[in-house]
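Same chain, two partners: chain A is paired with chain B first, then with chain C.
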Partner chain A sequence: MAPSQAAHVPTLDNLIKSFNNQTLEASIESLIFLLKRRQVKGDECAKATAHILRQVVAKSKWNDVDQLLSRVQSAGSRLARAAPIEPVIGNVVRRVLGLIRDEATEDRNADDLASEAASDIQSLTPSTNPNAHPPQRPAHVPVRPSPSVISTGLQVSKSMFNLLSVANPGDSPITGASTPMSQAQPASVHALRSEVMDGIEEILDEINQADDQIAGFSDIQIHPGDYVLAYQPSRTVERFLIKAASKRRFTVIIASHAFSDGASEPPYAMLRKKLNAAGVNTINLASNGLMAYIPRVNKVIFSAKAVYQNGGLLVDSGSCIAAQAAHEYLKPVIVLCPVYKFCPEDPSDEVSRGELGNPSSYVSYANGPAVDALEVENTVTDYIPPELIDVYLTNLGPQTRHHLASILADHYKTEDIGFSLQLGEP
Partner chain B sequence: MPAENTGAPINGAPIDTAAPAAQDAAKNVPAPASSSATPTTSEKLTAAQLKAKAKAEKAARRAQVKEARIAVPAPSPVQEKGAAGDAKGGKGKGRQDGQQSLGKGGHLQVHRGSVAGRQPSSPVPEKDVRSGIPDCFSHVPMAKRIPTSQAHKDVHPAVLAVGQQMATFALNDSISRLRATLLAFAKVIESYETPKGNSLSRHFVPHVLNPQIEYLTESRPMCFAMGNAIRLLKGKVNKFDIDTAEDEAKEGLLEWIDFLINERITLAEYAIARNAAESINEGDTILTYGHHRLVEKTFIEAKRDGKSFDVTVIDDPFERSGQELAKTLRQAGIPVLYSPNLGGLRPKVAAASNVFLGGEAIFANGSLHASSGTADVAMSAMNAGVKVIVLCETINFDRDRVSVDSLTYNEVDPERNTGDCFRLLFDNTHDKYITGVITEFESGGGNSPAQAILALLRKQEDPLID
Partner chain C sequence: MSKQGGKGGAAAGKAKKPAKAGTDEKREDVLQAVILADSFQDRFKPFTLETPRCLLPLVNVPVIEYTLEFLASNGVQEVFIYCGTHSENIENYIHESSRWNPGSVISPFSSLEFIRVSDANSIGDFLRDLDKRSIIGGDFILVHGDVVSNIQLDAALAKHRARREANRDACMTVVLRSVGEQPHRAAKARGITPVFVVDPTTGRCLQYEETHPLQSGRYLNLDPAVFSHGQFEVRTDLVDCGIDICTPDVLALWSESFDYELPRKNFLHGVLKDWELNGKMLYAEVLDDGYAARATNLQMYDCISRDVLERWTLPFVPDSNLIHGQTYRRIKGGSYVEDHVVAERGTKVTQSAVGRGTTIKTGSTVWGSTIGRRCKIGKNVKIENSYIWDDAVIEDGASVVHSILGGSVVIGADCHIPEGTLISYHAHIASGVQLPSKPPARISVLSDNKQLADTDVSLVGKGGKGASYTVIADDEDSDDEDGADRDPAVLQSSLLYSLEGLNLSTSSISTLASDDEYDSDDDISLAGSLHAGDFGHARDRLSSFASDDAAKPDGFHNDAVHGLVDALRADDSDDFDGAKLEFMGLRLANNASDGAMRRAIAVAFVRRAAELLAPEHGALEPTKAAAEALTAKKGAAKFVKEVGVGGEGVPQQAEFALALQRALGAVKGLEPARAGALLAALLQQLYSLDVLEEEGILAWWADKRAAENEDMDALREKCRVLVEWLENADEEESSEEEDDDDED
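After this line comes the complex of A and B, so read on.
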């Protein structure tokens, strides 16, 4: 049954290719469908979201920055609502929103220089005379708060006003109404569109390269002779270990949630083959409890599904036990988390309770009496409180939880942080 | 090629030296009493033999690898007899003083060594089985099925059966293993007849009981309860006067075994379940891990008292023994939440009012030896500020051994013993993660630390030996 099911699941690449041939709406719907069925998850969510948003920018109709922002927001929130347990989607949407704002501001700054020069000469409010402006100007006027529309001379300090006013959608009709030059828009829209699409391309590159960048730090973290406990190694962790194996001799202890004894080959066979080929010993643990092995282990490594702004982690279930056990024995816990997994939010109650998964692999329907009698909870995600984590190894380098705020500030715009709050609205 | 050339002479030499040694030993066998009577000769023997024995083993092993079991039937009985005799002769002394002080951890090694000497055929398959164990766990012993044909000739059929059941984990937990061992020993005692010129108190332990114990240990490392019981049994045997009539002594021993089973197993189980059930309050949520007999009894007992409470069963996905417990409790009308793995343990533990854990053994430093994963649950609970209560019979308390990590005393799962799939059967829960231990001595509360019970036990055990 499982393989036939798998056959219907398109690979991420196929999915992304299909976006080009479908209408935008169909692409969004197909991704939402897969997200809801948890057939796209983790890093794939990030990539798929970025691709969809690129389609949104490319295909949807928009005439100015506000419209673009709201298009991206609505598409993004639909995706995010389809998979509330994948905060990465929200992160990518925020990044794209921030990107659009940046591009818009950049253009406007360019304008401002020009307009300031112009206003010096004209000494009249230039915005009342729109025809005097360069053609790309009007596209950005709507973003601007109304005060600045009135007096362009004060634009140097606009960023602070911007923060407040842009978040307020009520502004846009007013500023929109004041947009006078519809005939000049296509060119500017076109420029912005290509710039934003380039930006999304950069985000995609970042997502794709993050694993390799993180792996670049592996020889700093792993020392010869170490025993490294890798809990359910994801692709990020696998790359990290393989990179380390090219430079160091150590032992990897792979722990996982559970694997069926009947499986044809032991889990992580590929990873183990690669590591063994590089001369690194591997041990597959068939144990959920890790306290017994931690005294042997020098460090614990796993990857995060998301990092919250308090430094807490959303992880595969069981990682929490690994982190707790390591913490008890004062062994370092290293979390691999690309920057795009950092969420500017706090974990919700649902997150700390954990997501419930399919219990049928533990209590099968064939086992009637058990199904009848038992209330089975198979938790598939864990929340790890920040105090258990020693190193956050990002693609920008190792971080501690005290400096996460600066990373968040670098990557997200304040006005987009509330993005998740809009999720509740239909 | 050169390797083989050098190998041949080495092979040749020890066999020559080994042969007379084995003969010496064979001579010693017919008069076993002399080994204790003439310690000087036995000491000489061991000194001379140790080397020869080691070499003979090596040679035998190599020969056997080469022959690949084709020619085994012919040479092995001879060798086995000779070597067995020498093992016995040499051991008579070393064993007894080893026994008192060392306890199981000590014997384990002794046994393994002597086993290799006695049965040259056994190391070959053993090596193969253990070769997959990762290096860092290679010191941990593992249960092993010994074909009944390969067992020592003196092993009693009842013990053979118990050994097989232990090796296959049909008898799994410490108490059922202890009970089966004691009952089998009762059979051994019943069928025992003191040879002429010997007395039971001198002959029984070294010549009859020890081979049984060796066989059991070889099948699966002894649990600590068995170690305790055997120590008590030996003490009991040694107490008999040399002139005690055989029937009287046997009668005494059988009675004592009955008493031990009654007192330390049956009654203890009941008392613990009662004590623990009293500590369950109306409306509690009790969390437990895996399936332990005492925990199950406790819940059933508490339910019978008319208390209504919830149970959260956390299971080990690689064992799934908790499912049975969950079903049993469900049938008894207790609401059960079943979690098949340790995922989401933190919130589940935080929601519980008490954690009940069953133990295999408790060491002298108060740490708990229990099925793997127990330590994680206890640690989580302690960190969440939830009481962790351990249920354990006092026969499981080991007063001679201290364990600070899980790699000191443990067992490798014989089913999962390679790098592809590796598992330790037990783990060690530090006593800082345990709020209290409930034993048959305690009346409710469960707030006494394990050390207090150890002190109590020291007092209690002395009259028991008498």
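After this line comes the complex of A and C, so read on.
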């Protein structure tokens, strides 16, 4: 899909737009390469994964829940392998898998109910001539609405009876011999498909709203007169601070890498403008001067790329120093992390060593002698051990480390935790 | 300009695929790219005897993958690939690749086509062919098949469009990467330094020149027109990454100039020089960040490999696993290792990439290297800075330093492979062999004509396989990018950047007049082109040339000799005037001395005559050959008289005779007896044509230099009969003989 004249470089938005005219396989593959080429990274990954899994559910062929699960698993593990440095992808895949399992069990439970209900109905309905009806029956009898009825998307307001209709064909004795099984199958598949897709929409909404929800807790966390150190504020942190600024008067110290070369505008200029407009003072700080300011600071805030089940964090590099400094001075460290960033796994060796970026952020490639003589390791991510973190501020509210397990248990199913290992693919 | 208008219209009107015909607008939206997958160079030989350059593995990924991925990451939709040699290999590779195969749904390109040009000899031929095809709708990206880059072209494309909209004549943007003024490995490795004269405010390119360390002149002439631009920068700190954003006008320009071969040296230079005529404006986009380079030679290959391992090329690094089926992970020590690599306890692997299925036994160290798949590395092996391709076997105790080992190479136990060694596919070095370090060996099982070479046991040891591969410095059919510039190619063809072996020539840069200049030049050009392998010998003979020849500009000799030999060979025309004109032009252009001209002419005629002695050209007798060489073309004799001898004086004639003698001495493959006979015949023929006079020949006979060593003396002796005859000469006899010859 060639976008406008101005930009040819593929982006996530272009990919999402092109879903309709591409095959599923092509879309997945494009996303995989966007991930591999780092053209989609960070917070975009979660969104991208949810979008592509929605396509998998919508477009791929499957006849029962197990097939759907394996489709999602295989697509998900391909994505996760494409970007091992983005654990968020795995989280979204697990969420979707859990969602499918929930819907499926709901259906099965509904099934059991349905069989009872159906037999009730049958016994209540005086079917004088059962053999005459069958052709029309699926269309008229409320117990088994036709696929077209279901696809109108009215499930939300379904009554108990409608729910009964999405029966699992395998063990559906509902209407006896008169209803052909082949018709039952697409009906339930269809229903499950639209329910799962709705579920994925909800996950997408959650991802999109997470930042705002977290910002909603800002006035609880930030008190008037606070000195807040924001280390390399991400979009999440920016929203949080701006929201807080509308209610509180405080001072923000923005710490970031020293930008030596003549960047056109100082870092975080937009954020500072907005904060100043709201009457909040800002101080810009190079990260190497951070220690000196720590005694004045009341709290340190940054956002996480991922939170592991032990409470350890994957963060942009440098945040660890800020966290350690704060820990030394007993200042609270608040981490902003939406629930979808919680990973039900422990950090791997690779993660704790940090991802390596392009050395050109520290040494210009034009600096010949340095390029020859130095080997520059630019770690772009840090791992922060759990003991340095005081508050995990999620979109569901502030948490401590001891309660992370319950969040994980609420959101993921144990059978999905190792989803990418379940497929023996190389 | 007018021509272009027609072309552009045609492109839109009869678009090749009806499905894509659409409107002009639609086609504008689709970004097209043209990949030149053949460079018509042989800098990667002996590896490119079997595999095209763009399929050579660079950190275990074929080079063309980097190029295609670069295009995909820039949202290119339609790709055309021009292949030359090994085109079927490249086509097979693409068709077998699940990602790039045009039929595959997952290909990021909407179309990918191969274009074969049967008679293409240069990049220019490709682009002229492209112009004829009318498949290019709008702006397109022209890249070589060996580009490694992570830059995003959006900004450059936008600027290019803005310029083109403002002025229709802004037709090309050259993407360049600045590497700073300090010494840089990428700048050093490229061999030739491009010099761009750029207007810093608009980015417009005003002049383009090339320099290299071995040229004699250290100065560039700025075009006076450059000064009318007010402000300009002369930049030599740029790496040319071979990425051009072009409008279809560029193709029209190529078509107009049928003799342009190289996109930079000919096209860019020429179009900028003739700006007044064509009115086209070319721009340079100088990037200060991002990575872009071309694997144009082995040193660049080395440099880019290191950059990839050090992650300058992110995201094109091993652990991105851009190729399907790759499973690289970064491990401690900055190495990248695929699954199923067995590194025994006690091995050290640092800053390297190791492919799947490779085993490294205990006690071995690997540093700064890439090792392909399924390699077997024995115990206590030391590998440093080397490139080892798939399936190689290195047995216990061997050491490999800064070398390239091709696929399936076997290195025996306790071998030592010194710096700069190139060992091509399937070669086998027996145990315990120490390869020579100066000059580093190039070993191949194939010879230049792709036949199996006879194994050289003294080099590869008993039980080994392969022979030394020599790059035959033959200008006639050289497809080297720098046909005229032999010297930089010498620099570029080895893995190590070194001026060491070329000391003689470098000294000639600093000392204007010295015998050395002549020496070094002839080592390479004269001896080389005449297949004279015995360099030392040739040098002995030649070292005493008069030093007035010394201040002779580079390249003149080669060009002149080839021009003349070609003219003498030409079957279709009897006319020598064209060659004469060309020769004089060359002379003026190079400001060649009389001595240089004399030498060039002598070499040319001797070469032609010697050629005629050879069986494939009729195995003429020396007398016939001499006559044929001198008289077959009208005006040749006159040319020799006027230009070659250059005057009536006896000393000049003697010099010319001496030059002939030396040229003959340098002809390889001619027995001394035959050479002597040929010399006598040539002298006689020249005498009878009134080119040389009796006094001249006798003066040569008396000259001490003509008998300075055994070989020269042997040649001279053969002429004794002639000289004695001349001394008692009878005019009528000679004229009679002349008539005979004329009838031939």
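What we mean here is this: the second predicted complex is superposed on the first by the 333 of 426 C-alpha atoms of A that agree within 3 Å, B and C clash if a C-alpha of one lies under 4 Å from a C-alpha of the other, contacts with A are read in each partner's own complex, and residues count from 1 in each chain.
Everything below uses one rule, namely that a residue touches a chain if its C-beta (ideal position, glycine included) is under 8 Å from a C-beta of that chain, and two chains touch if they have at least 3 such contacts.
In this text the structure is predicted, and so the values were computed from the model without any measurement.
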Query: A:R38 contacts which: chain B (first), chain C (second), both, neither?
result: second
Query: Taking the superposition as given, does A:P369 touch the first partner, chain B, the second, chain C, both, or neither?
result: both
- prompt: A:Q309 contacts which: chain B (first), chain C (second), both, neither?
  reply: neither
Task: Could you look at A:E25 and tell me whether it touches chain B, chain C, both or neither (first, second, both, neither)?
output: second
- request: Determine, under the contact definition given at the top, whether A:P359 touches first (chain B), second (chain C), both, or neither.
  value: both
Message: Under the stated touch criterion, which partner chain does A:Q232 make contact with: chain B (first), chain C (second), both, or neither?
response: neither
- prompt: Regarding the shared-chain residue A:Q55, is it in contact with chain B (first), chain C (second), both, or neither?
  reply: neither
Task: Check whether A:S317 is in contact with chain B, with chain C, with both or with neither, and answer first, second, both or neither.
output: first
Query: A:E377 contacts which: chain B (first), chain C (second), both, neither?
result: both
Field: Overlap of the chain B and chain C footprints on chain A, listed as residue numbers
entry: 353, 359, 369, 375-378
Message: Can you tell me which positions in chain C touch chain A when the two form their complex?
response: 28-31, 69, 72-77, 99, 105-106, 108, 152-154, 157-158, 161, 177-180, 182-185, 187, 237, 288-289, 291, 310-312, 314-315, 320-322, 325, 327, 329-330, 332, 334, 339, 351
Field: Contact set on chain A toward chain B in their complex
entry: 227, 251, 257-258, 266, 281-293, 295-296, 317-318, 320-321, 324-325, 328, 352-354, 359, 362-363, 369-370, 373-383
Query: Which part of chain B faces chain A closely enough to touch in the complex?
result: 134-136, 315-318, 320, 323, 326-327, 330-331, 335-348, 372-377, 379-380, 383, 405-407, 410, 413, 416, 419-424, 426-429
- prompt: Taking the complex as given, what residues does chain A use to touch chain C?
  reply: 2-10, 23, 25-26, 29-30, 33, 36-39, 82, 350, 353, 356-360, 364-369, 371-372, 375-378, 426
